[in-house]
Structures are given as structure tokens and as C-alpha cells.
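Read through the structure below, which is laid out as C-alpha cells, and then see the notes.
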Amino acid sequence: MRNVWSLYSDKVMEHFKNPRNVGEIENPDGVGHVGNPVCGDIMELYIKVNNGTIADAKFKTFGCGAAIATSSMVTEMVKGKSIGEALEISNRAVAEALDGLPSIKMHCSVLAEEALKSAIDDYLTKNRRGKNNVSL
Amino acid sequence: MKRIYLDYAATTPTHPEVVKAMLPYFTGSFGNPSSLYSCGQEAKGAIQEVRVRVAELIGARDEEIVFTSGGTEADNFALKGVAYANEKKGDHIITSSIEHHAVIETCKFLERRRFSVTYLPVDEYGLVDPDDVRRAITNKTILISVMHANNEMGTIEPIAEIGRIAKGAGIYFHTDAVQTAGHIPVDVNELEVDLLSISAHKLYGPKGVGALYIRKGTKLIPFMHGGEQERRRRASTENVPGIVGFGRAVELAQQEMSEEAERLTYLRDQLIKGLLERIDHIRLNGHPQKRLPNNVNVSVDYVEGESMVLNLDLEGICASTGSACSSSSLEASHVLLAIGLSHEQAHGSLRFTLGKWTSEEDIGRVLEVLPQIVAKLRAMSPLLKSHR
Amino acid sequence: MKRIYLDYAATTPTHPEVVKAMLPYFTGSFGNPSSLYSCGQEAKGAIQEVRVRVAELIGARDEEIVFTSGGTEADNFALKGVAYANEKKGDHIITSSIEHHAVIETCKFLERRRFSVTYLPVDEYGLVDPDDVRRAITNKTILISVMHANNEMGTIEPIAEIGRIAKGAGIYFHTDAVQTAGHIPVDVNELEVDLLSISAHKLYGPKGVGALYIRKGTKLIPFMHGGEQERRRRASTENVPGIVGFGRAVELAQQEMSEEAERLTYLRDQLIKGLLERIDHIRLNGHPQKRLPNNVNVSVDYVEGESMVLNLDLEGICASTGSACSSSSLEASHVLLAIGLSHEQAHGSLRFTLGKWTSEEDIGRVLEVLPQIVAKLRAMSPLLKSHR
Amino acid sequence: MRNVWSLYSDKVMEHFKNPRNVGEIENPDGVGHVGNPVCGDIMELYIKVNNGTIADAKFKTFGCGAAIATSSMVTEMVKGKSIGEALEISNRAVAEALDGLPSIKMHCSVLAEEALKSAIDDYLTKNRRGKNNVSL
């Protein structure tokens, strides 16, 4: 439900007020850096992978309410998922999980998706280098 | 939770006295001022009284005041009106790079319609250099437009000096006084301006009303075409209750201006001092002295503006930011970039603008709350680390 | 003396319910709708509700409604906006010779800016012939603008037929519905229009507020340049209380329209019949049936309009005239001349427009008073003798 | 004194409500016809002259409030005046006698002056023809 008196849904505000998984992971298996200062949104997403499953995810974000909420949400959504499942999380799915975003803020959900993909990419690259093969 | 409104530069609440003054003109003296019969003439008389009052506020003559639907229309009217009326003389306009969008976007429109525009730079405090104006003048220049005070960072521009240059060169000079009229002294003769924009809702009047001062003899064509209202200079049925409210607001401003400016300057400086003391990696934007009495604009390193505004809102405090995220473009404030801030700093700006109902306790509350918000957001900032 | 207001086409009193709806937005929810914090978003939400309601009134979608400062701005926006955005396609505009000045003067402005305009004639009742529209179209035509109903004589134009022609030719079609919206059914799809102007103060809403309907996909540029309000189509801080009042007025109009139209049609016909019976050398202007429910316009031979209006005012009756004397130009109404009246007849016109608070007794009073006034003025008329 | 709630001064309204000297003079010594239907003002002014003095003046006017009031006022002003004095009555004098006119109505006072001049002209022409000489 979208609250008329707020730019954001209650769910977005809830994640904005109490963002989940804030921070960095020491010795992460993958890190994604996306965004740039010109647009005012910068996200860092860290993942820990155990047996092809994302065991933990954390983020650091410089950005607006939507940027923080989508970061929080995407880290929640990804935990416990296999790499394959995680790659299927779309920006729309993140936005929907937050009960929607204002149209001018949809780019934040895109950023969250990209941060996740970029962290997984980083993990896969490192792994390929290390073990030469990974089961998705 | 008590709401602490600190965004008076965005809009002011309409003063209860203003609302009271407007009410009779909705249902009682509701006539169309163009009508011949008494209830139309009554409305016309009411408008005329306001015209005299607005003229008085800025040292003008009543017939030099044209009512508009706000500051944006006044700016559009001034720029397009002068440009179209004087295009045979020249096609060049000079303005600054920190104007309100109402001026900047109008200039961009005129550029697409074969005018050429020079956007002057500003210094680190946001000041236009009058010498830059002088140097930018060509024999094609027909109009100079520089705002009286900037709406984001409150810097007050050297309008009188630019006015003298414009007058010497025989070029029309417009100033957007939306942020100054009713707040600090504004006199069209001291400032040597030919056109000046005002908006009622920035001085405790209603939204949707403003005025353009047009010095007698200024050549410009109407912006709103149609009926013969405002001596054929601005068509459309006059917003009588709105204009009457504007008049009452101006009356109140005249009575309270100097005292209020002093009170706000004190609170402003308290807030600036407190913020700089309590938060590190913070800077004041705009000129420390040549500044509106009610404006505080800071950039807080490593955190983004909208997230601060939203957190302040959760604490009942209304403020604004020049961050991209507050608009549908993703660009940070052109004003903050113009004074040389980095994109991060521009996105990390926060504006508090004080007003009639701002108290010392309100300032105290901001000083108590904001450091905690900044700490919380910095804890999740990926920028802090990289700057460490 | 009780005042009898019969000039509802000039402006309506703001409905007390409308004023009541507006009040909270002056001092309580006074925020700027562009602001991020809750009191800004609250104002934004209020505007959005009105947008939905206005869209509903005319069968449009909410995102096709842009709020303006009134009918004049809506007309300026539509015409200039389409002209500038489509000038590469062509430079020709078609309109009628009986449009409101907001359209006519805008067209004249565009003529000075290298557009060409065809002003279609009308028949004796003020009707535009759709075949004339068809014949006027060239491969340079980019816009047709014909008003829905004429404000002076109430004639309702064949908009749907013209709409079909415009659509068939792929030309944008604008109609000025300032006199019809809220009074008779208006549906943008039935009328096949791309742009439609409304003004709140003609339907018991406040002055200084209006709307332009812009069909999705219509290419036009903004008229008011500046901030990003109204999805970047119309800059300036939204007149929140005004827009909220507009919404309440539209709501009331929707509820009462059909009943009220019937009631007014009855009173209108009573007044017409009574005037024609009691005064000789008088004629009805405009179409007897295809006519606004509230409009009575007559020409009284040998007497001048303003002198009738002033005498009626002395009796507490508010009416209007198309006589020159009511304006700063000396020309009689272009509308009445366009239907073929002589200058004397045009100067001798009188318009009564009825509304919500018009009663049968009011009509009776006009029928009692006007014949005496006419007799008195005819006694001093030099024209009567020469026509005897 | 100009009443704020009226387009016109009280004096104009008084003359508009109770115009003096309405009508025609039978066998007038001079008649002036001025104005035209395009502008919406037509005035006829009749004078009766006795020994070079305007003994009576009447008017008929099709026009606005100001046109009627200036007609009424000019006929009042002219009565009892010599032809020479009458010729000195300016439109401003008529407007002032009415406590002023709105600027867009000043043309009505011009019309009144012209109507008077035209009536006097008519009288002088007839007289010259008749008596060959007139003492102003």
C-alpha cells in the first residue's frame, strides 16, 4: 500500500529506517561496486558464498531513500539463494518486494540489481581463476 | 510530534491574517474586475489598492506593477517579453549560471528560438562579478538578468552595481527578487533595475500569485495573450482573492521586515555555528555575510541529501536538499556545482530556511538530531572509507 | 436592495463548499508539492486527487491533465505549445472569428511570429460550418482551434464533427471549453479533441486556476518554463489551495450538472420569451436551441449597452454587454459583428448569464425593470428618430 | 470624489441618472451631430441663441454612461454663456466639472466638446448667411 502522504511506500520507509545487512563482509567472496557520484547513488554489495549458496550479503550505500531501501531489500532477498537463483532477481522483483517505487526512483532498483550481478560476477571470476570450475 | 518547518524558501504557510483578508473576495465581492457594475468595480478597487502597496514595497509606481500567477510567470514574462520586443535591436542575453530554473529554462527556450545567451560564472560564494557582466556585453545585448538573492544558498548578488553597468550601456536589466522582496529592503531605483519578479507564497501570501515590476518606458510584449486586463499587459481574469492576500502579506512584511530580519539572522548564525561545531567534514555553502537572513546551506561529506531530508522528516523536521534525487533529472543542483562543489558534495547538501514561526528551540532540536542522522548514514556510506 | 447577479459567464461566486475545501491548504497542509517531506507529499497527493477528478469530468486520463492559472493560460499553452513544437511540419493554424480573446490574441501573436492563421466565419447564429474547416485545411495546417461554446452568445459549436475532420487529416484539435466544462457534458473522446481548456472560476471554483487537457502523444512544448512541476509540462509552484478548490467545484458540478442545466434552460427560455414580448425592436443573438443553458444575449435597438448595464446596476442587477464602451478599445464585440450585426446593434447588446443562485423571481425582476430602462434611454436616443 | 466601487464619480452617476436638458429644441439656432456607430457614441446637441447668448441647450445621446453625463454637463455649462465663452469650454473643463472621468472614457468629453463646437459652427454659418455679421 502506497501512503499518499509519502513519496515512498511504507515498506520502503521501513527498510529505509531500519536497513538490513548494513556493513562490509571481511574477506568477502564477491564484491560489487556500482553507481557514480554524478548521479548521486553509489552502492557496494558484499557476498559470502558457501557451496554455491549465498550465505551472507551486506551493503554500503550513498544515496537516496530508494537507494538505501533497495540495497537493504536485495541483500535480504539474496540470502540463502543459489548463485543461479540470485542471478534471476530482477530490478522489478526488488521494487515489487518493496511494494513499488515512484517511477523517478526505478533507477535505484536497477542499481541494486546491478550491484548484485556485479558481486556475483566478481565471485565467479575469482572462483574460475581459483578452481577453474563452478557448478551454478 | 511537533512539526518544525525549516523550508520557508520553498514556500511559506499563508499567514492567517492573509487568509482572513482573502475570504470576502470568494463569495461576497466575487465580481470580475472587468465588469462595469459595482461588484466588479469593487474587485477592481481592491486590486488597485494592492498594486499601490506592492509598488510601495519596492519603491515603484503603481502603474509599473503587473500581477502574475507567481514568480515563474514573472520571470517568463520579463525574459520573453523583452526578448521578443527588442529582437530587432539584438539577440543577446546575459544571465548567471545560478539563476532559478524559471530564468534558466526560459533562457534555454530562447536559445532554441534564435537568441544567444551568456551564462556568467560565479565565485566560490556564488557571487557574480560585475566586471564579468561588463565584459560580456556586446552591441547585440538587449537584456541582463541576475537574481537578487539565490534561493538555494542565499547569496545576495551585487545588483546595484550590475544595474549601473546595465544602465550605462542602455540595456534592460531584470532581477528575480522572489527570495528577497518582503524579507530584505528592495528598491528598484537603488538597484537600478527595469524589471523585477516577486512571488506571494514566499512572503506568507498565497500560492499562485506574483507580480512583475516593469519600469515605465520598458519595451516588452505580453506573455499571456487575451483580454485587456492589467492595462493590456497580462490577460486572464484577475485572481482577486489571491491578489488581495498578496497585498495583506506585503503589508505585514513591511511592518515586520527589519525586526524579523534581525531575529532570523541571529537564529541563522546560531544554526550555522552549531552545525559546524557538531558535525565534522561539513561546509557552509554561499557567502557567510552577503546572505539572506534566513538561509543555512551546508554540504555534509559522505552522505546524500535526500536520505538526510527523509530522516529529518521522520523527526518532524522539514528541510530540503540540492541533491539529484529530489528531482526527476539525476543531476545535482546546478547552483552548487557552479560554486565548485564536487558531485558528492552537491548531493550531500542540506538547506534549512527559517521563518516567522522558527524558534530558538527549533534550532536546538536540529542541532540535537542532525548529528545522529549523519552518524547513522555515514555508517552505511561507502564513500567514508575511501576518503579515510 | 437585493443584488441579482446575472453575469455567471464572466465569473461565478466561489461555492462556500469550495472555500471550505481550500482552507486547510493555506495554513495546515501548506507544503510545496515538490518537497520530499510529508507535508509536501500531502499537498502533492491532494493535487493528484483533483487531477483524477478533472480527468473524470471530461473522460480523460489523469496524466493528460495539466493545471494552469486559468483559461487564458490553457489557451496560450495549447496554441503556442503546439505551434512551436510542430513548426517543422507546418505553419498554418485554423480558428474561428468568434473565439475568446485568449485564443484570438494568441493567434495574432503567432501571426507576428511567422505563423499564418485562418479565421473562419460563422453564420447568423454564430455556428462554424465544419465544411469550412475542411476547406481551410492545407498541407501546412498543424492546429485547429474552435471553442466549444461561445462566451458571449452561448452558441454551442459542432465540435465532434470538426474533431472527426481534424482527426481524419491528422491535425491537432484544440477546443476552449471554458464555458461548457461543468455545465454541459464534455467528453474528449466524443468530441475527438486533443487539447481542451478549462477555467475553475467559471464553474464555482476559485479564480486563477484552470487546466489544459493534453491527449497522450500530443507534441507540444511548455508555455511556462522553469521547474519540473506537472511532469515538466508546466513550471511554477502549484497553487495547491486553488487546485483543491477546483476539485471540489468539479465534484459539485458532476453531481448537479444535469438537473441544473434543465432548471437553467427553463429560466433562460422564460427570460428570452419575456424580453421579446415586452420590448419591441429587440433580437436574440446566438442560436435559439444550440445554446448554453444559462445564456441570454439580446440586442436592443437604439440604445447602447453600457448605459443599460449601468442602469441595471442601479437596480441591483448585474449584467454585461458587448459594447465597445466596456473596453479600452472602441470596437464593439468581434463576436456580434461576426454574426452580422450592425455596429449599433452590437453596441446595443446585453448579456444575462444565469447560475446556481438565479431564481424565477430574479427573472421576473429583470422583466419588470429592463423595459423601463430601455424606454428611458430610447427617449434620449438620437437613433430612434432617424429610424422612425 | 471618485467612488472606489464605481467606474464613475458620483457626479457622473448623478448626471447619468438624471440627465439635464434631454431632448430636441424645435427650430434650433444651431445643431451639432458628432460621433459614429462604429465607436458606439452618437451625440446631437441643439442650441437656442438670444443676442449672442446661448439661451437654451438640449441633447440626444446614444452612448455609454460617460457620453450621457458629458452631454448633460456640457448643456448645463453652456447655458447663459456668450458664443465666445462657449467656444472656450474644453473637454477637460467638462470632465473636471464631472469630478473626472476614467482615462478610457476621456474621449466622451472630447465628443461633448465637439458636439458643442459643431452646434455653434452651425449657428454661425446660418447666421453669417442670414445677417452677414455676428458679434462674438
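Each chain carries a letter (A, B, C and D) given by its place in the written order, and its residues are counted from 1.
Criterion: a contact is a pair of C-beta atoms (placed from the backbone, for glycine too) under 8 Å apart; a residue touches a chain by one contact, two chains touch by 3 or more.
Not measured: the values here are computed from a predicted model.
**Student:** Taking each chain's centre as the mean position of its Cα atoms, how many Å separate subunit B from subunit C?
**Tutor:** Those two chain centres are 33 Å apart.
**Student:** Roughly how far is subunit C from subunit D, centre to centre by C-alpha average, rounded to an integer in Å?
**Tutor:** Inter-chain centre distance comes to 40 Å.
**Student:** Return the distance between the CA-based centres of subunit B and subunit D, expressed in whole Å.
**Tutor:** Distance between chain centres: 54 Å.
**Student:** Distance-wise, how many Å sit between the C-alpha centres of subunit A and subunit D, to the nearest whole number?
**Tutor:** Whole-Å distance between the two chain centres: 89.
**Student:** Spell out, as numbers or ranges, the residues of subunit C touching 2 or more other chains.
**Tutor:** 36, 38, 306, 310, 327-328
**Student:** If a residue has to touch 2 or more other chains to count, which residues of subunit D qualify?
**Tutor:** Residues of subunit D touching two or more partner chains: there are none.
**Student:** Counting only chain pairs that touch, give me the topology of the graph as line, ring, star, complete or other.
**Tutor:** Shape = other; not a path, cycle, star or full graph.
**Student:** So which chains end up touching which?
**Tutor:** All touching pairs, sorted by chain label, are A-B, A-C, B-C, B-D, C-D.
**Student:** Which stretch or stretches of subunit D touch subunit C in the complex?
**Tutor:** 13, 16-17, 19, 22-24, 33, 37-44, 59-68, 104-105, 107
**Student:** With touch defined as at the start, can you tell me which subunit B residues reach subunit D in the complex?
**Tutor:** 36, 38, 41-42, 45, 48
**Student:** Where on subunit B is subunit A touching in the complex?
**Tutor:** Against subunit A, the touching part of subunit B is residues 302-307, 310, 314, 323-325, 327-328, 330-332, 342-344, 347, 379-383, 385.
**Student:** Can you tell me which positions in subunit B touch subunit C when the two form their complex?
**Tutor:** Touching subunit C from subunit B are residues 3, 5, 7, 10-14, 16, 18-19, 23, 26-27, 30-32, 34-40, 69-73, 75-76, 84, 100-103, 105-106, 108-109, 113, 199, 201, 206-209, 221-222, 224-228, 231-232, 235-242, 306, 309-310, 312-313, 318-321, 326-329.
**Student:** Show which residues of subunit D lie in contact with subunit B when the two form their complex.
**Tutor:** 4-7
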